[in-house]
Amino acid sequence: MTDQPFDVERIRKDFPILSRELPGGRSLTYLDSGNSSQKPRQVVEAMREHLEAHYANVGRALHTLGSEATEAYEDARDKVAAFVSAPSRDEIVFTKNASEALNLVAYSFGNPVNTDERFRLGPGDRIVISEMEHHSNIVPWQLLAQRTGAELRWFGVTDEGRLDISGLEELIDERTKIVSIALQSNVLGTINSTSPIVGRAREVGALVALDASQAVPHMPVDVTETGADFIAFTGHKMCGPTGIGVLWARAELLEAMPPFLGGGEMIELVTMESSTYAPAPAKFEAGTPPIVEAVGLGAACDYLSSIGMAAIKRHERELTAYALDALAEVPGLRLIGPRIPIARGATLSFTLKGIHPHDVGQILDDEFGIAVRVGHHCARPLHLRFGIPATTRASLYLYNTTDEIDALVRGLHHVQKVFG
Amino acid sequence: MIAESMYQELILEHYKNPQGKGLREPYDVEVHHVNPTCGDEVTLRVRLAGDKVEDVSYEGQGCSISQAAASVLHELAAGSDVRESLDRVDAFTELMQGRGKVEPDEDVLGDAVAFAGVAKFPARVKCALLSWMAFKDAVARSQG
Amino acid sequence: MTDQPFDVERIRKDFPILSRELPGGRSLTYLDSGNSSQKPRQVVEAMREHLEAHYANVGRALHTLGSEATEAYEDARDKVAAFVSAPSRDEIVFTKNASEALNLVAYSFGNPVNTDERFRLGPGDRIVISEMEHHSNIVPWQLLAQRTGAELRWFGVTDEGRLDISGLEELIDERTKIVSIALQSNVLGTINSTSPIVGRAREVGALVALDASQAVPHMPVDVTETGADFIAFTGHKMCGPTGIGVLWARAELLEAMPPFLGGGEMIELVTMESSTYAPAPAKFEAGTPPIVEAVGLGAACDYLSSIGMAAIKRHERELTAYALDALAEVPGLRLIGPRIPIARGATLSFTLKGIHPHDVGQILDDEFGIAVRVGHHCARPLHLRFGIPATTRASLYLYNTTDEIDALVRGLHHVQKVFG
Amino acid sequence: MIAESMYQELILEHYKNPQGKGLREPYDVEVHHVNPTCGDEVTLRVRLAGDKVEDVSYEGQGCSISQAAASVLHELAAGSDVRESLDRVDAFTELMQGRGKVEPDEDVLGDAVAFAGVAKFPARVKCALLSWMAFKDAVARSQG
């Protein structure tokens, strides 16, 4: 399968929206998959079919539909576990998005009820993140620091857009309880090497979380190989639906962690006085879970696997190399992030001299139907680091083509004419 | 349907005519297990003789699944080899926790394959396992 | 519209699953809507259409699809706000389910960062719930009590299955900070009168939350009229999709509450050192929200409104009266909950003498395709109160008929024959 | 499309040829507003004379929307009645926060109706409102 040529035209046919006509007769060039990916009909169809023929609540229902729904929901867990090579399906917790997954991890620390030493957090303890994080991997830790009095510190970013690990030993010190870093930056495209960080964290006994929201959709990820303790990602960026995210964590940690949300399904035994909790993953899935969304995410895993994550990665690397060259030709364009297609994904953020990104985005959309994202992409500290309030970002996926990159470049030239 | 109707009948059959029900003497160990979710209870005694399970006697209350499972357990375990009966418990546990994905081996499980359909209902798995887990516990204690 | 006769046969045609054939050629009698309701094709279709033609991330995207998706998402908020007569659309927070909504409220209390006196909670303070609550309205408060040292107390339930408010004044005392009660019980069907509780809470300065998960789907609910401060409900029980729930709260309280989940979209301004937060509802919607699910929930509100909530309530009351009479004829049947169709919804829980509910459910499903729920329905303390481990529950909705109740009764007679 | 192309041209026109740009004397109050999300800034001065806005002068940087909005503001406010200009600010605010649901009144808003399409993009609303909010603030302060 991975030896077949990558048939992007065939893939595009799976995504009905890509052939949609926009108002004014424009065709769509969707370069905003880093924000959210489009959905193949296989995913949409799986959800529709489930809703129309097999829907019921899961786990607790004992009738035919309940059994079919439970099977579909738990099958999705198997698929996700296999997709990221999790050692056990019970290590896959379904959340509502990557943000909830990261908050779940953050709320496990410094909970007065929990007695596991690794999760104890207070004044004098340290949380380490980086300057290239998405707000969803910054704010939960700020809130945790505020609640507990722990100290928040972070890795800087080099001018090339790489993680600056020169101060690694000092930053991750004996007081550090948790390190949380993006596996791939949603602005720079940078893919971070986790081994030095995991290695150092092990030395000092700190746990490591990876925000893999921008990684799992784009390359083969083996959770064990990363060496991390926690990995968060999100359905809607990997051809799946909104309303579902994933936390993977080592079984032993899930067991040690206190419950986060309380409610139906996460319990073992409830009395008015006190309760005991179900084993993970149920322990962290309070209330009715995203059943139909899990079915959709399972279908998305199947879809991506049928094409092959290695093949998708290769396709994106080719697009990235092409795009880096093409953008380098645009006068006044400053790329924020690595200039070479090595250890970076297909996310290209840039500024155009003298033209505000908002205007770039508006003209690209208005005149050419090109959808890019403009702003700080939920990574304001990173933009501050580069002394700019905002960038224009083109983020590519399996369904994008070099023609679309050409269209982007033509569009940028036009933008420069309009605002020249 | 929880299972093919033949198997349902088998479960009902065991429920209505439980094999080896009642607590008997002599015994080595007695255990009491409860399924807190649905209130099912079982009191179970084992009597070992060397490598053999000489008797499994029990008393309990609960749904047909939990009652029939105890009856089937008695049928399979009483008089059999200890090692073999524990292997059977493992096979049954694997079947029950397999979410309907595990193909039951009738040679190993005998009448217990009738419970295969239960595996698709997480809420019911504990009913089927109640007496089997009690048996495993009792054997471990009498050997320990 | 509400003067038209209630055309249940026409309504049933909107729900494709209701005419599905189960394995073995059984037809489906779905009496488990209290667990989760089925979805009309209008909802399924709205979701499919959005996924195939308008999908993008919301809020932050500046292109055509982003604008269409944002409009669809925010329109859904308008629809939900109108559906429960919320004074302002900004009082509608989308969560993943009712459980998250209740946890969100619980986590606002006793947060060391928050300074609003009403949300301060510690040893000596009191949280009041009831014995008829769903685990999702028990466990979050137990966890809160454990985290803060506050005391958890509860209303009892009378033999008739009504809330026992005889000790109201003592129970809700000056130390009480929050009272959280179901508007309608998911086991008893009981609809609780909120005015005495709200009145007493006001006297002592406590806030009041209502778990309206079983109410909003079945009757007109006007959030202001309830007098409550917080109201939680869930999409999947009201013909909407899984993956979305709702917290309504008075605007002024949402403003006073600390953020719960941190991440993208809930922020105003982020630096590495600290952040400020967006105004509600965004403040409580960290990360990519359930976009497609909101579209589905909006369509569900449209669907229910087109039929009319008053008409649905009337239909259910008729079904309830019919079912109460029919079940009273079954020998050995003990109803748990009010025996008269007054201040109660169409939820009928019962035991059959000598037969375990699991067996009742299994035979009903196996032989007749009748889907009921058996167990403690996530309300174990209530079952303990009645001295029983489990019940069989038939819960009805707009698409159910008296024929289906007849089928249930026939099924119960058969169950008694099988296990007789 | 953010708006019909005629309006786009109007916005571009104002962006390229801003009306009344530059900080002028005399003035009653000067304010400085920033949109933290995208870094847009405006410094704005007002000069009132009785019921009249005698001048609105400004300097700023940002996207075409924020710059054009300042230019349109100048055109509509300078020389107009204070009360009327504040009503216009309210109408503009309502339009911008109306998520594309509010029908703009061209009689009240004049060229400012060109921004109607912006209302569908929550992230852009602040760009359009930046100078208008600054103006409102400045007037309030000079009256207060």
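The letters A, B, C and D name the chains in turn, as written, and every chain counts its residues from 1.
As a working rule, contacts are C-beta pairs under 8 Å (C-beta built on N, C-alpha and C of every residue); 3 or more make two chains touch, one makes a residue touch a chain.
Bear in mind the structure is a predicted one, so any value in this text is a computation, not a measurement.
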Practice problem: Just grab the chain with the largest centre-to-centre distance to chain A, centres being mean Cα coordinates. | Solution: B
Quiz item: Rounded to the nearest whole Å, what is the centre-to-centre distance of chain B and chain D, using the mean of the C-alpha atoms as each centre?
Solution: 78
Quiz item: In whole angstrom, what separates the CA-based centres of chain B and chain C?
Solution: 38
Practice problem: Would you kindly tell me how far, in whole Å, the mean C-alpha position of chain D lies from that of chain C? | Solution: 45
Exercise. Just give me the whole-number Å value for how far the CA centre of chain A lies from that of chain C.
Key: 31
Exercise. Spell out, as numbers or ranges, the residues of chain B touching 2 or more other chains.
Key: 1, 37, 123-124
Exercise. Two or more other chains in contact with one residue: find those residues in chain A.
Key: 23, 60-62, 64, 66, 269, 358, 362, 365, 375, 380
Practice problem: Determine which chains touch and list them pairwise. | Solution: A-B, A-C, A-D, B-C, C-D
Practice problem: Report the residues of chain D in contact with chain C in the complex, numbered from low to high. | Solution: 1, 36-37, 99-100, 120-124
Quiz item: Taking the complex as given, what residues does chain C use to touch chain D?
Solution: 59-62, 64, 66-67, 70-71, 74, 268-269
Quiz item: Once bound in the complex, which stretches of chain D touch chain A?
Solution: 1-2, 5, 8, 12, 37-40, 62-65, 123-124, 127
Quiz item: In their complex, what parts of chain A are in touch with chain D?
Solution: 23-24, 356-359, 362, 365-366, 375-376, 380, 388-390, 418-419
Practice problem: Flag every residue of chain C that touches chain A in the complex, lowest number first. | Solution: 16-17, 20, 22-23, 28, 30, 32, 35-36, 38-39, 41, 43-44, 47-48, 51-57, 60-66, 95-100, 102-103, 106, 111-113, 131, 134-143, 146-147, 152, 154, 234, 236, 241-245, 259, 261-267, 269-272, 274-275, 286-293, 358, 361-362, 364-365, 369-375, 377-378, 380-381, 384
